[in-house]
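The two complexes that follow have subunit A in common; it is paired with subunit B in the first and with subunit C in the second.
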Partner chain A sequence: MRMMGVLDTLCLWLLPPGLLTTPYMWHAYVCGTVVAVVATLVGYFVVLRGAAFMAHSLPKIGFAGIAGATVLQIPPLAGLLTFNLLGSLVLSALSRRGKRDVVTALTLVLALGAGELFLTLGHAYGETAYALLFGQIVGISGPQVGQTLTVGLVTTGLWMTLYRPLLFLTVARDQALARRVRERLLENLFVVLIGLVCVMTVPVVGALLSFSLLIGPITTACLVTRRGLHTLLLAGALGLVAVWLALLLAYDSGWPVGFFATTIIILEYGMVHIGRKAISGRSSKK
Partner chain B sequence: MGEAKPVLDVRDVHVHLQRRLVLSGVRFQIQAGEFVGLIGPNGAGKTTLLKTILGLLTPAQGQILMDNRPIRRGNPAIGYVPQKVHLDPDIPLRGRDFVALGLDGVRWGVPLPRRSRRERVQQALASVRALAYADAPVGRLSGGELQRLQIAQALVGEPRLLLVDEPLSNLDIRNTHEVVRLLRYLARERGVAILLVAHDLNPLLSALDKVVYLARGRSMAGRADEVMTSESLSRLYGYPVEVMRVQGRIVVVGSPDVHVVPPDATAYTSLQDWEVTTP
Partner chain C sequence: MMDLATFVHSPFWHSPQVWNALYITTSAGVASAVVGVFIVMRGQSFAGHILTDVGATGASASFLVSINAWYGFLSFGLLAGAGMEVLGKRASGRDSATGLVLTFFMGLGALFLFLDTRVSNTADVTMSVLFGSVFTVDPNTTPWLIGTSVAILLLFAALYRPLLTCSIDAEWAQARGIPVRFIGLLFMLAFVVAAEDSALAMGALLSTAFLIGPAAAGVRLSHRMGTAIGVSALLATIAAWLGIGLAYASYNWPPAGRGYPCSFLVAGIIFLEYLLACMTIRWRAHIRGLGGKRCV
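So, the complex of A and B:
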């Protein structure tokens, strides 16, 4: 009897009523899945090219876009897309080699300031701001799922197109330049790639923490394997687990998705790190 | 002359860099299968010349022909091994994938796993004897190992000309010897024309077919014993320098870069000496 009680509680917790019947949870799961996969792909290059700061900044620039959209009363995703693409273009146009961090920082601050103003003007404090910053699962509508899927497809397509020359440029720049790889074009498209992926991550995990999904799973996967394809597959799996579990926990508790996603990603990293240490420690003792 | 057509024909090339004339009348030829050393003091314009051959710089005067046609940037018949690469130790990439980029890294899209592609990469790895660490992460390899992978990356496209920029500057004697032997082998057996940049001639002396000595923007080309004489180098420098042979090593005294043998390379001996002392 006691056993049954525990199982019941567990089932209630793992499959809370309404989890699979509520449309918005379906929406959240579909979006979350797409987001986790695409973030892994783009995160691979973010880590490879050392562009973490840019990947950290673009979602916040997108946050200003959503806030602006509430003022103009246009769809939030449109504002997000516009600001992220604009931000990407500004960043790649202004940044020269070595100066990228400064430009990124200034653009970030400007965008945050603008976002603050837009939130006030749009009288959208409270709920909206909270959702923007920390992610929301209740608000994802049917059309929004379609939009996320579309952006996901475009991003994946762009990623696949860029893959080889961008990898060549990243790991063997001199050879790539000698072979006529177009550096400027590729760098610009890479920033656009980050901008696009942020358009997808912000609505789900929020502007503040969407960066974690780009960097975390890939970094963890790199601890285990350094074969390109294996890294991508493992990182994808880690990202999916984090997002799925975070959505469930957020539904259970009512706490923000971003918090859970980030915590799980950090836990994954920690566990893999400790596990690897333990294994290498044991094998070196032999 | 009437002999075989040169793979590379550098004709009286003048190059300006930021309004400064860096190369003023460089001329030499490389035949298929020739192993040529491009030697000269620091700042003589060796890297500038390589960039011009790669088509990254345009000569103000003169021209460079490859197989009798003017060179162009991105020519797949030229393989390039740059000076030094810095790779993050944690980079998620295998040696094999690094080499494959030399085959089709310029193309858009994701590579399809084709058998012919795999085999060509495998061959390139085998020809530089790098199969043992082909599946190791590239960031964790030693300087000598990475050098070999870079050569494999340049070779995998089956170039007719290989440009190798200062491959020996970061290597110890043992690796220096091995890289030189590998390059000589590639020239002899594969018929690849090789132009190797070095500031010190001595480790290469016995392996090279030809020397192109670069000083003050001008060049002198020929066999080592023709070029490395007090008379011809004095003419090139425009003032008297003396070429001395000390214990099988060549030292140029009086050039702006007196230490042709760099201070940290006192252990360098000529290749011949080294072969004798190897157990």
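So, the complex of A and C:
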């Protein structure tokens, strides 16, 4: 009898009423899935090329874009696209010149400040700011799902085009240059790729937490395997688990989805890290 | 145009909130500017970013238990500083594991901010923690802010030479018998306090402007350490006063009635100052080039 009660609670928790019938949850699931997959693809190159800083900065620039869109009352995607594409070009131009950390950090701060200004001018305080910075599942509308899918397709297409030359350039730069791979163009396109991904991640998990989704699963997968395809598959699975579980927990509790996503991703990393240490410790004892 | 008499008698100077904001921003700005010169020299601007981001989590927690936000900033900032000391060189921007831990803290901050709005019905906590609201800072905090800033300045005055030696070449300093580790700890302490002071004044996300902007401009303008520190402090003060003045005046700007956020204005002025400094360098080199002297 008691067992049944526990089971019931568990079922209610795993499948709360409305989980599969509420439209916004469907929107969130579709968007979340696309975002997790595409973020993994791009995150692979972010980790390989050590471009964590870019992945950290572009979502914040996207914040200014989305806030500007609320002031002008244009679709958020338009604002995000404009700011992220412009921002990625500016950042990649800045990072090529000396003293980059100072200029880049100041540019970022200015973008964040501009976002703040837009929010103030648009009379959008508190709740909106929170949703933009930390994500909100109820915020995804029907048309936005279509837009996310489109951006996802474009990004994946660009990723597939870039895959071979970018990998070549990353792994064996000298040889790639000798074979006349166009380094500058590729680097610019790579940053544009990160910008495009952030267009998708920012509305779902928010500007401040996008970095986690982009880097987390790949970093965890890299602990386990060194082979490219295996890493991608494992990271994709980890990312999907994190996003789906985060959405479920957020629906259950009403707490912010970004909090759950970052917590699950760090837990995945921690568990794999500890597990790997335990295994290597045992094998070295033998 | 505003003449001097109306300027002096403007209600701007008679508002206690404005004076409070001026005290807070100036003291945080000057302390950050002095520490910032060393941060820029040591290439630690990413660390400043980590400190205030983690501090923001503390500040959001402090609203939850309704204590002063400054304590929240400071306690979590000290925690982050200690963590970076332990991790040592790994805590650079390149390391994605450190980045993950940082985002986890921000996620925790997201939860605290969410609970804040549930518990206390103060919807603007998000904005005031992340972007600052210098006009509404509790006046009881002001003496603490000024006190810590003065303490930082005194500390730097006392430790100026050994700190400089450590920042330029740690091994050489070690060889000369300077306690590098101890001085590094003291520097980290001053770094945390300055970063969190400006986080309170400017908001966690925009405090990086105060920490590295004036300092970077100062270092560009002068190769002499003392001058660079002086210029940096001056630029920070100018940005603070001008920013608060403009924020006060902006209530009459279009679209009227809301006022522009102070931290945005200060950050914008600092950005302009940095650009001006870069242009001055070019201009100076150009003039010297015409005079036939080579600029180094």
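Assume the second predicted complex is superposed on the first by the 279 of 286 C-alpha atoms of A that agree within 3 Å, B and C clash if a C-alpha of one lies under 4 Å from a C-alpha of the other, contacts with A are read in each partner's own complex, and residues count from 1 in each chain.
Basically, a contact is a pair of C-beta atoms (placed from the backbone, for glycine too) under 8 Å apart; a residue touches a chain by one contact, two chains touch by 3 or more.
No experiment lies behind these values; they were computed from the predicted model shown.
> Aligned on subunit A, subunit B and subunit C: do they clash or fit?
Aligned on subunit A, subunit C fits beside subunit B.
> One more residue to check, A:56. First (subunit B), second (subunit C), both or neither?
After superposing on A, A:56 lies in contact with subunit C but is clear of subunit B.
> What angle, in steps of 10 degrees, lies at subunit A between subunit B and subunit C when each chain is taken as its C-alpha centre?
The vertex angle at subunit A equals 90 degrees.
> Per the contact definition in the header, classify A:140: touching subunit B only (first), subunit C only (second), both, or neither.
In the superposition, A:140 contacts neither subunit B nor subunit C.
> Does subunit C touch more residues of subunit A than subunit B does, or is it the other way round?
After superposing on chain A, more of subunit A is contacted by C.
> Given the touch rule stated above, what does A:161 touch, subunit B (first), subunit C (second), both, or neither?
first
> After lining up the shared chain so the two structures overlap, which partner does A:272 touch, if you call subunit B first and subunit C second: first, second, both or neither?
In the superposition, A:272 contacts neither subunit B nor subunit C.
> If we overlay the two complexes on their shared chain A, which of subunit B and subunit C does A:177 touch? Say first, second, both or neither.
first
> Identify the partner contact of A:226: answer first if only subunit B is touched, second if only subunit C is, both if each is, neither if none is.
In the superposition, A:226 touches subunit B alone.
> Quick one: is A:121 in contact with subunit B, with subunit C, with both, or with neither? Answer first, second, both or neither.
second
> Looking at A:66, would you say it contacts subunit B, subunit C, both, or neither? Reply first, second, both or neither.
After superposing on A, A:66 lies clear of both subunit B and subunit C.
> Counting only touches as set out at the top, which of subunit B and subunit C does A:44 meet: first, second, both, neither?
In the superposed model, A:44 contacts subunit B only, not subunit C.
> Smallest separation in Å between any Cα of subunit B and any Cα of subunit C in the superposed model?
Scanning every C-alpha pair, the shortest subunit B to subunit C distance is 11 Å.
> Under the contact definition given at the top, report the residues of subunit A touching subunit B in one complex and subunit C in the other.
Of subunit A, residues 47, 50 contact subunit B in one complex and subunit C in the other.
> Sort out for me which residues of subunit A touch subunit C in the complex.
47, 50, 52-53, 56, 60, 99, 101-103, 105-110, 112-114, 116-117, 119-121, 123, 125-127, 129-130, 133-134, 206, 208-209, 211-212, 215-216, 219, 255-256, 258-263, 265-266, 269
> Can you list the residues on subunit A that touch subunit B in the complex?
44, 47-48, 50, 160-165, 167-168, 171-172, 174-181, 218, 221-222, 225-228, 231
> Show which residues of subunit B lie in contact with subunit A when the two form their complex.
Residues of subunit B touching subunit A: 54-56, 73-74, 76, 78, 80-83, 85, 87-88, 90-94, 97-98, 101-102, 104-111, 135, 137-140, 150, 153-154.
> Write out the stretch or stretches of subunit C touching subunit A in their complex.
My answer: residues 40, 43, 45-46, 49, 93-97, 99-101, 103-104, 106-108, 110-111, 113-114, 117, 123-127, 130-131, 203, 205-206, 208-209, 212-213, 216, 255, 258-261, 263-264, 267-268, 270-271, 274.
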